[in-house]
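Can you keep this structure in mind? I'll have questions shortly.
Naming follows writing order (A, B, C and D), and every chain is counted from residue 1.
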C-alpha cells in the first residue's frame, strides 16, 4: 500500500520547546513520535526510555524524537503541571506536545483519534517526506525499530553506513579477559 | 573510506549446516557474522542471544546470521565436542564455523587475525556485495545494530519498509489498562 | 545499639484500606514500610515492585507491607487524586498512607521528618514489637531485605523454615534439558 | 517433618580450595550448596550469579557457599579442564567440588543421586547443625533465598539484625533528585 501523509497533530501546549512544533517543521527529517501517558506503566518502563535512547544514539542524523501526551483516562491526574514534574524527574528532554482534548466530551484526545491509536505507548514513524510509515502499539523491539529507522534514513539519502553513529563504548569482556593482547592486533581499517 | 571486500573466512569444521559455507555463498544477502567463544561471558550473556534474536526477527529477508568460534584462549577447554554440547544447550541453530587454528603455534586463529579482531564477542556486518561494513568488539546496542541492518538491507534493494517484519505481539498495557475501548477506534490503514 | 520504638506515623488520608491504620495495629507482625513518591523514578522502577513482591511472596506469614506517600517536592503534581490513579495503574494493592504535610510550610512531611528519611525510596523494617530495625535509602538488595525479613520473622517465633513459603514455580532448564529423567529420581523427603 | 542430616557429598576433585572439603568441615556455619553444570544455561544466567552474590553479601557471617559440579549429560564436554577454564572466565572464587561419577555407568553422579536432585541448577541449604533444610530446583527467588538464609542464621545464634551486613551503596535517585537537602535531615540513630 502506498504510504500516505501523516495526519497533522493537534496540541494544546508544548513542553521542552520554546514554541509549538508542527509536523511540517520536521520535513526532511525522520520523526519518531512517541505517544504516551505519564501514568502508563508500559510507557514509563519501555516506551519513554526507548525514545530517550533513540534521541541520544541518533544525535547528529536527520531524525527527531517528539513526545505526545495522549491522555485518555484519569484526566484529572495527568494535567500539565503533573506532566511537567514527570518530565523533570524522568529527565525527558525532547519536545513533548499535549494532545488537544477531544470535542464534545470525547475522552480520547484529537491526535490520538486521528491516528486511531489503540492505547499507550504507541510509537509512530514518519518519513522525511511527512508520510506515516509505521505505528506500533505496545513494546517495540529495539532491533526492529532500529531497522526501520535505518531504512527511513537510507531513503532520506543518509545512505553511507559510516555516517551512522559509532557504537557506544563497548562493555567488553572485563579486565582483559576475552581480549587479545593489544600488541597482537593491528587495527583493521573499517569502512 | 571506500568499503573493501571482507576477508574470506577460514574454518576447520562447521556445525548446524550439512556442508561448509564460504562467504561467497551469501552474495546477495547481508551477513551478520558473530565471532564468539563458548566460555566468554559477554558472548553468552549478550552476543549470542542478540545473534539469535536477529536470526529470528529478520527471517524471510535477505539476511544471514553466521557464527564463528574464534578460540584464542583455553583451547583445550573449547574443542569441537564441547562446542557441539554448548550449541545444543543454548539452542543455537544458525550455522557455526570453527575458525582455523593459527599457523606456527599462533594462539589466535586465522579468521580472527585476518579481521584483526580484538577479542570476543565481535559482531561483523558484511553487505550484499561481500564488503566489510562494520566491526564491533563488545556489546553492540540493539538500536544501532538494527539501524545498520536496515541501512544495508535498503542498499540491497529491500527498500519498502512494509516488507520488514511485523512487530512481535506487543506486551501492551496488561488487562486492558492503557488501552482504549476496541470499539472506539477504527483501524488506520498503515503503509 | 538497643533498638528503639519506631516513631508513630502521621497521615492525612489512606488508600487501599477501609480505615486509617496506626503502627500499633500491626503489633505482632513484622512491617515493611515503603516510603515513596509516585513521580520518583527509583521508587517506580525498584522500590514499589520490590514491596509488591514482598507482599505476594510472604502472604500468610505475620508480615505486613505498608506504603507511605512522602511527598517533599512537586507537591501540586502528586495530590491524592493523582496518587489514586497511580496506584490503580501500577496495581498497588497494599494500604498506602499519605504522609501528613509538614507544619509551617515545611516541604518535608511529618513522618518523613520523624524518621529523618533522606529521600525516596526508603524502606523501613519494624519488628513485631514495634521497634525500628532497619532503614535503607535507595536500592535495597533483595537478598539482604529477604535476610532481614527472615531474621525478624524468626525472632517473632516464625522459626520453622518449612513454614516459609514454597519457592515459586521454577523456571527450570526449558524443555527437559538440564533435567534428569523423572523416573530416575525418587523424591527426597525434605524438611 | 523433622529435618534430617544432609547426605555427605562425594567428590572426585576440588577447585578453588587447597584441599578437599567435607560437609563436616562446615559445622557451625550455614551452607549454600549450589549444584550446577557449566553448560546449563539456567545455571550460568541465574544460579551461579546468585551464589556469587550470596558469597559476597554475606561475607563475615557464618555462611559458606560451595559449588558442586553435577554433570549428568554431555560428560565429555564438561571435564575438569573445561570446568577450570569456566570458573576462571566467570570469576567463580568459592570452592567447587566435582561430583563423583555414578557407579556402573550411571550417568547421574553420586551426590546428585544421594540428594535426588532433579536437574540443574539446584540450590541446597544446610543448617549449622548439618541438616538439610531446603532444596530448590530451578530459579530461586532472591527474597525467598534471603529469608531462609536469615532464618537459618538466626537459628545459629546470629540473631542481632544489626550484625547483618550493611546495604550496599544505594543507587539513589540520581543527581540529588528525590533526595532531601542533606542539611535538612538529622541522621536517625538506627539500631
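Structural remarks
Going forward, a residue touches a chain if its C-beta (ideal position, glycine included) is under 8 Å from a C-beta of that chain, and two chains touch if they have at least 3 such contacts.
Chain by chain, the UniProt names read as follows: A, B, C, D = Alkyl hydroperoxide reductase.
Note that the structure is predicted; figures quoted are calculated from it, not measured.
Put simply, the chain farthest from chain B by mean CA position is C.
Interface chain A/chain B: over half of the residue numbers present appear on both copies, so the contact uses mostly the same residues. Between B-C and A-C, more C-beta contact pairs join the chains of A-C.
The distance from the centre of chain A to the centre of chain B, with each centre set as the mean of the Cα atoms, comes to 26 Å. Mean C-alpha positions place chain B and chain C at a centre distance of 43 Å.
Between the Cα centres of chain A and chain C there is a gap of 35 Å. Residues of chain B in contact with two or more other chains: 40-41, 88-89, 177-178. The touching residues of chain B, counted against chain D in their complex, run 39-41, 44-45, 74, 76-78, 81-82, 84-86, 88-90. Across the interface of their complex, chain B is touched by residues 1-4, 37, 40-43, 46, 53-54, 57-58, 72-73, 108, 112-113, 115-120, 125, 131-155, 158-159, 161-162, 164-165, 167-168, 170-173, 177-180, 182, 184-191 of chain A.
By the touch criterion stated above, chain B contacts chain C in their complex at residues 88-89, 177-178.
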